[in-house]
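The next part holds the structures, each set out as C-alpha cells.
You will see chain A twice below: alongside chain B first, and alongside chain C after that.
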Partner chain A sequence: MADRVEVAVVGAGPAGLSAALAAARAGAQVTLIDSHRAPGGQYFKQAAAELWVGNPSRHQREGQALWQKVMEAGVRFLPETVVWGTFEGNLLALHGPQAPSFLQAQAIILATGAYDRPVAFPGWTLPGVMTAGAAQVLLKQQRILPGKRILLAGTGPLQVVLAAELVRAGADVVAVLEGGRLFTASLRHLGVLWGQWRRLVEGLSSRLTLSRWRVAFRPGWGIAEAHGRDQVEAATITRLDQDWRPIPGSEETLACDTLCLGYGFIPSNTLARLMGAEQDWRPDRGGEVPLRDGHMQTNVPGVYAAGDGAGIGGGPLALVEGEIAGIAAAARTGHGAGDVEREIRRLSPALARERRFQQMYAALFTPGPGLYEWSREDTILCRCEEVTQGDVRRAVALGADSINEVKAITRCGMGDCQGRMCGHLVAQCIARETGRSVTEVGVFRPRPPIFPVPISALGRHAADDTSAGAAEAIRR
Partner chain B sequence: MTRIGTSPEVERGQPITITVDGEPLQAYAGETIAGALLAAGRKAWRRTLHGRPRGMFCGIGVCFDCLVTVNDTPHVRACLTPVAAGMVIDTGGKP
Partner chain C sequence: MNTSRKMGAEVAIVGGGIVGCAAAYYLARRGAKVVLLEKSVIGGEASGRNGGGVRAQCRDRRERPLAMASIRLWVGLEAELGFDVEYHQGGNIRMATNDERMAVLRREAEEELADGLAVEMWDRDELRRRAPYLGGVFSGAKYCPTDGTANPILATRAFGWAARRAGVTLLTQTEAVSVGVQAGRVTSLTGRDRDGGVLVEAPRLIHAGGPWTPMLSDTLGIQVPIEPARSVVAVTQRMPPLFKEFISSHDLGVYGRQAREGHVHIGGIGTPGRTFDQGVPAGVIERLARGAAEAIPALRGASFLRTWTGTLEMTPDRVPIIGPVDGVEGYILASGFSGHGFCLGPIVGKLLSELIVDGEPSLSLREFRLSRFAETVGSAQMGEEMDSPRLRGMEHY
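Let's look at the complex of A and B:
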C-alpha cells in the first residue's frame, strides 16, 4: 500500500526546507524526503551530530534555525531516503529505513539541488582529485582536511571562500586557479552588488585571508593534467585564452597532493525529467532546467520545482523559490489563507533581487566552451564504465550522433551514477564531433531505478499490490 | 593527521576502532568512512574493473566512486556512511 500525503517535498536543502515550511504553515500535510542523514543539503551542511563545534558558520546557524521551524510546523521527515522512481499519478517510489515503499502525493515539490560540474582532463580520476563540494563536506561536516598541499581550480567566489577556509584550518594552499578573467567583466555589474553586503563582506574577507597567507590567486589559469601513480603528486597548470582553451607553452607544474575542482554546478533534474517536466537548455543556469510558471509549477500539473535543481541560483534564491512553491502547492491541495496570488506577489521583490544576482553571477562565472576540450583521446569521460573520449569519438565515427546512441555503443552513462557525472562531458564531445548542438545531441534518458537500490528492495516493491506498474517498469 | 583543531572550538565524537582491509583504524563518531580514511592519509581505496585506483570524488553521494564493502555488504558509499564501532571494511584495493 502507498502512503498518502498532500504535499511531498524531495530534498531538504534551502529550497526544500523553505517549501516544506511554507506549505505546512498554510495548513498542508507535508512529507519531506532527503537522501542524507541530516537535513540542510549542501548549502546548510551541518556538522555531524556527534561532533561538537563551538563556532558554527552563519550558514549552519541559519540552517539550524530553519530546521527548527520546519519541525515545529509538523513536517514529517524521511532521512536517508532516495526517490528511485516516479510513476503515473504522482506516485513516488522510495527506499529508506523509515520510508514507505510508495508515497502518493497530491502535489510534489522537487528541490533536488545540484552537484559540482565534473571536468575531464588527463589524470582527473586519480584519488586526491575531488570536487570543491567534497572538500566542503569534509571541512563543515567532519572538520577534516582533504589533504596537505591543496591546489584549487575552478571559477567564482566560492573557490576563494573555500581556499580561505582551508588556509584557516591549517592546510597549505598551493594556489587558486580562476578560469575567467574577471576585472573588466565585473565592472559592468557593480550595480547589482548594491545591497548584497553579506556576500561582499564574505568575499572580501576571504580574499584578504589569501593575501595575508600569500596564496597566489591566478585568473585565466586552468588544469592541464594531474600526475601520480596511485594518487595525485603534482599538477600541470596552463594559461587559458578568453574561451578557456589552454594556451600551449604556458604550462607550469606544481607539487600537490590534493586538487579541488569548483567549475560551477549542474542542476539535479533527473526526477523532473522522469516525471515528464519539459526542459530548457540554459547554460547560464547550469544546463538543463525544467520550465516553470510563476508558481514554480512545471508543465506537469501538481509538480513544482524550486532551487538549484531547477536552475543554479544559490541558497538565497532557493529559499524564495521554495517558499513560493510551498504556498502554491498548499493552495493546490486546498490550504492557505486568503489570496494566494497576493502571497506570492509579496515575495516578488526578493525573487527579482536574487534573480538579478544570479544573472550577474552567471555572466561572470559560466565557464567558457574550452572547458570541455581539456581531455585527450585516452582521458576517461565516463568514470563508472571507464569510457574514454576516444571510445566516444569512435562511436560517432560509426554513425552515432545522439547521446543515447553513443550510450548504447560504449556503455557511457550506464554505470552507478546513471550518467550524472559524464552526461555533459559526453554531450559536448558528441556535439563537437558532429557539429550538432548540445540540445540536438540530447541527454541520457532516465529510467527507474534512477539510483542504485538493492534487489531485495525492488522485490519488496514488486510484491506490493500498488506497485504492479512499478514492477512492470523495472522489467522493461 | 589532517583532523582540524581541538578544544575549545571542536570536540570530536567518541573514539571508535574500525577494521580496514584487515588493519585496525582509529576513527571518531560522526566521521564518514571516507573521512576516516582521508584523515588517516589514505586517499586511494577502490580499484576499478581495469585496476585503476579510486577514492572520494564528489563527496555527496552522486558519483559512486568511493564504494567499499561494509560488514560483507558490497556497494556502500564511503562518503555517506558513518563509521560505527567494530565495522569491518574491505576497500577492494589493499595497498
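Let's look at the complex of A and C:
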C-alpha cells in the first residue's frame, strides 16, 4: 500500500536535514529518506557507528546536533532507502528495509546532493584512481587510508583540506595539483570573503599543514596519464593553459600508488528530471540545474529542490535553501505560523551571502573546457559498458548528434550507474565532434528505475494485486 | 508554409522505422531513387523499442509465410547490411501453465507443421530437460528452433545506414505534413524540418508511419483503423549466460530474452492502454517483475536496471496493412504491424521493392490490403477464428 505524508524530503544531507527540520517545526508531518544508513550526507559525513573513535570533526559534530533537532521535531527517517521512480500525483516509489513501496506526498523536497565530477584521461580506470569523495569516505567513514603515496589533482580548497587530512592521518602526499591559476583571480574576490571567517581559518590551517609537511601545491597543473599494470604506479602530470588544455613538453612523471581527483561536483538531478522539472545549463553550478522560484519550488507544483542537487553551492548554502524549501513546503500543506513570505525574507540575507560566496567559488574553481580533452581515442568514457571516446566518435560519424542517439548505438549510459558517470564526458565529446552546444546534445533520458531495484522486491509488492492497483489508482 | 527545398524521387517514404528503412534499402539496391522522411531519428520509435524477437511460430496464418521468409533474410542480414545486428537463431519457447493453453498450442502446431514450419511440442519433462531455467509453473511448451532474436536498436539503424550508403536520401527530424494528389494519383510529399519545408516530387509514396499513420492518411480521406498502444520492456543488470531462447507465456503475461551483453529483457503481454504516452506506470514495472520472477526463478536475485517504452500501432485483427490503397494511385500503406513489424520488416521492405520495381511481389500481399476491414462486418469477427481476444491481445515481438 502507498503511505501518505504531507512532506517527503529526499536526501538527508545539509539541505534535506534543514528542510525536514523547518517543515516539521512548522507543523507538517515529514518523512525523510536517505540511501545511506546514517543521516548527514557527504557534508556531515558520519563515521559508521562501530568505527566511531570519539574525535568527530567540526562538520560531524554540527551534523549530529542538527540530526538531534530533526529527530526531536518528530521527523520519520527511512534509512538505506532509494527513491527508484516517481509517478503521477507526487507518488514516490521506494526500496528500503523499513520503507513502504510507495509514498504519496503533498509536497516533495529534493535534496539529492551531488557527486564528484569524473574526468577521463588515459589510465583513469586503473585501480588506485579515485575521486576525492571516495577518499573522504574511506578516511572519515571507514577510517582507512586510501593509499601510501597519494597524488591529489583537482581544483578548489577541498583538495587542500583533504590533503591535510591525509597527511595528518599518516599518508605521504606527493603533491596537490590545482588546475586553475588562483592568485590574480582570487584578489578580485577578497570582499566576498569578508565574514567567511570559518572557511578562511579552515583553509589556512590546511594550507599550513601542507607547508609544514613540505607538500608541493602546484597551481596550473593537471593529469596527463596514470601508469601501472594492475594498479597505479605513477602519473604523468602536465602544465595547463588558461583553458585547462595540456601544454605539450611540460610533462613530469611522479611515482604514486593513489590518485585522488577532485574536479568539482555534478548535481544529482535525475529525480528532478524524472519528475519533469525544467532544467537550465549552468556550468558554474555544476551542470544541469532545476529552475526554481524564491520558494525553491521547481516548475512542477509541489516539488521543491534545495542544496547541491539544485546547483553546487556547498553546505552552508544548502542549509539556507533547505530551510526555505521546508517552510514553503509546510505552508503548501497548510502549516506554519503567520506570514510565510516574511519567514522566507528573514533568510534572504543569509541566502544572498552564501550565493555570493558560491559565485566567487565558481569563478575561481570551475574547470576550464580543456578538462574534457584529456582523453584519447582509446580512453574509456563509459566505464559500465566500456565505451571509448573512439566508439562515441564513430557513432557521431554514423550521424548521431544527440546523447540519446549515441547511447542507443554505443550502449554508453546503459549500465549500472545509469549514465551518472559518463553523461558529462560523452556530452562534451559529442558537442566537440558535432559543433553543437552541450544543451543541444542533451542529457540521458531518465527512466524508472533510476537505481537498480531487486526484482524480488518489486514482485513482492505486486504479489497482492491491491498494491499495484493502489499505485495505479493513486496515479490518476 | 514556404517550401524552401525541392527534390525529385521515384519513391517517397514516410517513416524511418524498420519497414520504411528496409523498403528504402531494397528499392535503392534495385536502382530506384528514394527520399525518406522521418519525424525524429531512424529507429527512434517502436522499431528500436521492442522485445527483439524474430519468430515465425504463433503467428496468424496469413502472416506466417511472411515471417518465415523474413527469417531467411534475417539469417543473411549481417552480411547484407555490413553490420552486426546481434541476430541469433536461439529458438523460441511458448510456454503453457494449463491444459487449455497446451491444447491451443497443439492445434497451432498442427497448422504450423502443415505450413512447413518445424515446431516441437514439449511436455513437462521435456521442458524441464530442455529449458531447466524455467519455473515449475509451466506444464509444457511449443518450441520453434529457427526462431531467434536481434538487437532492435542496431538492426533498424543498420537498415538506415545501408540505405544511405545505397543512395537513399534520409531526411531525419523531418515531419511529413501532406501528400500532393492530382487526378487521383500521388504527385508529391511535403515535409517540415527545423529549417523550413521540403517538397519531394514523387509518383509513389510508401506510408510506414506506425501509430502516427492516421494523421497523414486522414488528410487523403483514407481511414486506417489503428490505435496506439504502449509496450514496456524492463532490463535487468548484466547476468551470466542463463538462456539463449526467446521465451513467452501468455498465462504469466511476460516474454523475455537475454541480450548478448547479458542483460535480460522482460516485456509484457496483455491488454495495453490506447495511448501515445511513453511514461512507465509503476504497476507495469511491478507486474513485469512478478512475471519475470515466476517465469525464470534465477531472476529473483537480479535487479531491474532500466525500462523503456515504445508505442505500437494495433489493427483490429492484429495483422498489418500492406499494399496499394484503392482510390489513390501510387499510395502504398505499410502500417498497423501490431507489434510484429520488427520481425517482418526486412521481408515487407523487400516485397514492397518488388511491388514497385517488378509490379508484383514474390509473395502475395493480398491478405494484408486495407479493404479487408471494409469487407467484414465490424472488426470483432476477425478475432473469432483465433483462440481468444486475450491470446492475441498483444504479442509485440
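Here is the rule we go by: the second predicted complex is superposed on the first by the 460 of 476 C-alpha atoms of A that agree within 3 Å, B and C clash if a C-alpha of one lies under 4 Å from a C-alpha of the other, contacts with A are read in each partner's own complex, and residues count from 1 in each chain.
Throughout what follows, a contact is a pair of C-beta atoms (placed from the backbone, for glycine too) under 8 Å apart; a residue touches a chain by one contact, two chains touch by 3 or more.
From a predicted model like this one, the values you see are computed outputs, not experimental measurements.
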Which superposed partner A:R447 touches (first chain B, second chain C, both, neither): second
Contacts of A:E405 with chain B and chain C, given as first, second, both or neither: second
Partner chain(s) touched by A:D116 [first = chain B, second = chain C, both, neither]: first
Chain B versus chain C as contact partner of A:G294, first or second or both or neither: neither
Partner chain(s) touched by A:A93 [first = chain B, second = chain C, both, neither]: second
Touching partner for A:G85 - first (chain B), second (chain C), both, neither: second
Which superposed partner A:D416 touches (first chain B, second chain C, both, neither): both
Which partner, chain B or chain C, touches more chain A residues: B
First (chain B), second (chain C), both or neither touched by A:G170: first
Touched partner set for A:M130, first chain B, second chain C, both or neither: first
Residues on chain A lying within both footprints (that of chain B and that of chain C): 415-416, 452
For the chain C and chain A complex, residues of the former touching the latter: 41-44, 48, 153-154, 157, 161, 164, 172, 236-238, 261, 279-283, 285-287, 289-290, 292-294, 299-309
Chain C-touching residues of chain A, taken from the complex the two chains share: 85, 87-88, 91, 93, 102, 385, 398-399, 402, 405, 408-409, 411, 414-416, 418, 447-449, 452-456, 458-459, 461-463, 467-469, 471-472, 475
Chain B-touching residues of chain A, taken from the complex the two chains share: 35-37, 42, 47-55, 115-116, 118, 125-131, 133-139, 141-148, 169-170, 230-232, 257-258, 268, 383-384, 386, 415-417, 420-421, 452
Residue ranges of chain B in contact with chain A within the complex: 1-5, 8-14, 28-32, 35, 38-39, 43-45, 48-50, 52-65, 67, 75, 79-80, 82, 95
